[in-house]
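Have a look at the structure below before the remarks.
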Amino acid sequence: MHKYSDIRVGVGGVTGYTGLELMRRLVRHPHADVRVAMASSTSESRRIPALGRLWDAPVEPLDVERLVSETDAVFLALPEAIAAEIGPALAARGTRVFDLSGAFRLRDKGLRRKWYPDTKLEAPGSTYGLTEHYRSELKNAPLVACAGCYPTAAILSLRPLVAAGLIEDGVIIDAKSGVSGAGKTPSERTHFSECHGSIAAYGVFAHRHAAEIEQEVGTAVTFVPHLVPLDRGILETIYARLKPGVGEDAISAVLTAAYAGAPFVRLTGSDLPEIKHVAHTNFCDIGWRVDRPGGQLVMIAVIDNLVKGAAGQAIQNFNVAYGFDETAGLD
Amino acid sequence: MHKYSDIRVGVGGVTGYTGLELMRRLVRHPHADVRVAMASSTSESRRIPALGRLWDAPVEPLDVERLVSETDAVFLALPEAIAAEIGPALAARGTRVFDLSGAFRLRDKGLRRKWYPDTKLEAPGSTYGLTEHYRSELKNAPLVACAGCYPTAAILSLRPLVAAGLIEDGVIIDAKSGVSGAGKTPSERTHFSECHGSIAAYGVFAHRHAAEIEQEVGTAVTFVPHLVPLDRGILETIYARLKPGVGEDAISAVLTAAYAGAPFVRLTGSDLPEIKHVAHTNFCDIGWRVDRPGGQLVMIAVIDNLVKGAAGQAIQNFNVAYGFDETAGLD
Amino acid sequence: MHKYSDIRVGVGGVTGYTGLELMRRLVRHPHADVRVAMASSTSESRRIPALGRLWDAPVEPLDVERLVSETDAVFLALPEAIAAEIGPALAARGTRVFDLSGAFRLRDKGLRRKWYPDTKLEAPGSTYGLTEHYRSELKNAPLVACAGCYPTAAILSLRPLVAAGLIEDGVIIDAKSGVSGAGKTPSERTHFSECHGSIAAYGVFAHRHAAEIEQEVGTAVTFVPHLVPLDRGILETIYARLKPGVGEDAISAVLTAAYAGAPFVRLTGSDLPEIKHVAHTNFCDIGWRVDRPGGQLVMIAVIDNLVKGAAGQAIQNFNVAYGFDETAGLD
Amino acid sequence: MHKYSDIRVGVGGVTGYTGLELMRRLVRHPHADVRVAMASSTSESRRIPALGRLWDAPVEPLDVERLVSETDAVFLALPEAIAAEIGPALAARGTRVFDLSGAFRLRDKGLRRKWYPDTKLEAPGSTYGLTEHYRSELKNAPLVACAGCYPTAAILSLRPLVAAGLIEDGVIIDAKSGVSGAGKTPSERTHFSECHGSIAAYGVFAHRHAAEIEQEVGTAVTFVPHLVPLDRGILETIYARLKPGVGEDAISAVLTAAYAGAPFVRLTGSDLPEIKHVAHTNFCDIGWRVDRPGGQLVMIAVIDNLVKGAAGQAIQNFNVAYGFDETAGLD
């Protein structure tokens, strides 16, 4: 069903959790015409049960030539080494790329080499894809590096406060994520019996999302992610010291101004948000408490890692990049 | 710590969920002296974190010679092809074997070939290891085929009723199992995000536990297992038509008589048992309801699949086989 | 936002899980204009956080006069005693009623008195609201008794088979439900720590949904529901003996014919459906296996209890009752 | 079954989760002879199903006179207002009290009044019951205020480091708890459907355990607890700035010395512990990472909130108070 004036869209990497979320929304998107669904894990065209009623055509092997000739824009939910290779190639030939991997997020060459050693990429001109802070840059962006899941909640919470000079250095981000954030590949880490009834911290001082957060927030952070026994959702508890005299009003004023026109950021003030409020939606809910002016700030930010933290955000970037309503396809 | 007059014990297959449960109980067992812990998945001696405070010695590669020379009895929680090979070899050389695989459970050669095609075993003289119904046979058994998890709950519920002629043919067993029953090997089936928030039937008309149940109960059954989002525990809902005139009293009388001296079978009557009542214990709780004499019987049986359905039962068999208190090591 | 030619809609009982699901869908429904949200649990107008971004107006106390004067149709997700009282009053005054309680489902006076003793209702002329089997009756129905959650999956599976004479008497329905099915009122039964890691059967031979199923299927059933540790979703495993000679083909042919034009029934054949396939959707997926012609039939039916089992089905009935596209507001 | 030279024990408050855990362990304790089980929620003697096979005698209404005359020591798992009233009365008459409520934990009168306003208690001479740090004080203590669940993990982690002067002010404790920590009383907060699939922070800047931690650690803390969808277990992620020059070795040395003789504290170093390692045990596992000397310390401490955080700890205190093996009854 081709809609007049639609954007012809391709999706690379439809077999993972993020790819499935992308497909669910894109097939109903009022301005997207999905032309091809590809996967890097298949070498021949085949039907995939999980896409059952969404996409009845077969899933094809990755094919840059077809993407170039048959689509205007592609969403890539691929391993980053593959994204690093085909993303710039597509962009160079005029197919706009919305990449959901980490391959193009870090601007600093040294950090990119450190955290994405497999990608061996020369710095391509990418636009960081956190819609709320990059609306104008997204307009003509050929290659969008959609923000990571943990960074999305952290940056939306902290970037306006740091920019306004409200908080001291030494920010701590204690993040809790559902298991879908660990991807679909079976492992001991994602085995039901290993996750159920337990919580585990991981990647302490060694998670590449810390570098991404620091790049976008502009201050050093201590970032500790935890795996918790739920499927989808991230809750981040953010701790910062307020600058002298800064109180709840200043925090509220700065955040309110920052997200005045943002349809997917909901500020809940001292009513702290919970994951269930945002599951299956593209919202990021942010609440906060202050013990006293100049004292301790505690912020709580929640997102659905597969939606605002991945597929939803990519579509939100697509909407802004093409001048559609920012919420198109995202209810 | 060698205890005088203890049985020298070896465990083969300590890295799975069942092996771990065995080790937890055996190291504290008053009459077992664990001498060696082995795994089929390792080719060299190594320490295993999950055994941390239970077993500080390394885990060794499987070694029949060492088992023969250093132990009196071995517990095997191994893939059945391996169990099928070494079980009879050990038994032939005087080491008593408590096997937790399915390799030796089916007495019928044709059924064994059908359901355990990898095992290629000649029928060895094994004793079926459901303690409550094989106490005297266990006394001098060289090779005990411990009952399967689903069969344990089903046989304990049905065998006395069938033997007493209380129920008609056409029994239905609807079984619900926690995910640990699917084993520790990571797979899409056991991925947290695939199990969480879902239920799935599997193995309909094609689960080898049906044959095991039929062998021990003496009537044909329709057996449908389901995977549910919890870690450990099995609940079976058993449906049978009562013979004319048979009512709740007859059911109650037969079961009470059957399990008069059974420390791990608890009859709860019309108070239907739940998995939480037996989790982490060696109990099998059985409750039942009858709509009217000669009508429909609904029984509910619950066990912890890793304890009464595996490790606990094996130790219970060991206790009876050696003449120890049946509950030794099993509180 | 009033849409020209929309139906003016009221919702009674917006504070429970079903009421919330109704509101989520109705506020976006292309032909419904929600005018008022009421609750029986409130005696004054107040805002309700859970409705936050869905419904910014206050929730009002129940008020039949207002419903009559301000709406064309009402959805009632109320305790059945209240529904029994106001449903007929509304219908008599020309407001069409889509009732989600059990108050009007049973046609037999004696059964209604037995299973709904609090409702003391005279038999009003209601239409049973299982869309797939009552499309023509729904057209002009003043009072629709929307089908119960368990009955929806059972009736969709069994009614065509019984009508076609394919199965013997003595059907067994083993149902597993998520905890939201027990309602929002806190109790020991719904306490997280009581449900987590456990499964419990309840209402054996004493659940009123059995009577509802029997009324609509036309044969006696043994119905055993179980509470399982997930939030939303029902899986029913249905056991029936096939009439002599009846095999998989006959089952398939009858079901395919029955649901040829049904947008929300998906027949999956021998691929058995799982709850995750239908969670958050209005689909009922039905699969089945047969051991041999004339033998045992095992069917698996899954729905989301809050959607196809409640709010979604009510809207589906509304759509058919008003001649809208059956799927309106239900993607 | 009275054991010669046993301590005659009573338990007040056996119907909650903590009371049940106490009973499970005390009835098997080698030196405790449970004489009476009481509950504040009952006004007449009655049998309680959950205690089924543990305690076949009825549960009695609370009765100070009987406790004085029939027991040597009592464990109180009661609402704090009741504990505040009867604890000192019992102690004054020679019955030793192990109280699991918060009534006697805070030494500062003002803080006690602020955080336990219902208790209206005069400061009785209580001993803080965190075994590892109060062994000698426990010997002759008439009234032991067993440590709270969150404080147990926090104090065991931080107290030695603060005492040794290794960390700066400004400690942050991000705590995650299973739902059993919220108690057995049904509420919206503990409803399965509200907890499942979600995480929520609560009590920010307003949880009385912060005062208890500060009292025992000797430094101010920012404490944010979260409810996560699991039944039992607490994981605390603790953030502290190291004093200049302090590195991993110093942390390790101080903790190793502090817990050299502590059978229930396991130091895991840079292997961070997970809740599943301690569930159903009395262990507190503590791990840590340091980014660089003088930099950021991240500690992870895990306990089972119902065992080391409540019932197990109370028994450990009892063991030390009476000079028994510290681990008696706690395997």
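Think of it as A, B, C and D in the order they're written, each chain with its own count starting at 1.
In this text, a contact is a pair of C-beta atoms (placed from the backbone, for glycine too) under 8 Å apart; a residue touches a chain by one contact, two chains touch by 3 or more.
None of these values were measured; they are calculated from a predicted model.
Trainee: Compare the contact pairs of A-B with each of B-C, C-D or A-D and report the one sharing over half of them by residue number.
Mentor: C-D
Trainee: What chain lies farthest away from chain D once each centre is taken as the mean of the Cα atoms?
Mentor: C
Trainee: Hey, how far is the Cα centre of chain B from the one of chain C, in Å?
Mentor: So the centre of chain B lies 40 Å away from the centre of chain C.
Trainee: Can you compute the centre-to-centre distance for chain A and chain C, using the mean CA position of each chain? Integer Å is fine.
Mentor: The separation of the two C-alpha centroids amounts to 37 Å.
Trainee: Counting only Cα atoms for the centres, state how far chain C is from chain D in Å.
Mentor: 46
Trainee: For chain A, jot down the residues that touch at least 2 other chains.
Mentor: Residues 178, 194, 196-197, 229-232 of chain A touch two or more partner chains.
Trainee: Write out the stretch or stretches of chain C touching chain B in their complex.
Mentor: Counting only chain C, the residues touching chain B are 170, 172, 174, 176, 178, 194, 196-202, 204-205, 222, 224, 226, 228-233, 235, 237, 239, 241, 272, 274-276, 279, 289, 291, 296, 298, 300, 302.
Trainee: Once bound in the complex, which stretches of chain D touch chain C?
Mentor: Those in contact with chain C are residues 17, 178-180, 184, 186-188, 190-197, 229-232.
Trainee: Note which residues of chain A are touching chain C in the complex, please.
Mentor: Per the stated touch rule, the residues are 28, 49, 53, 197, 266, 271, 277, 280, 331.
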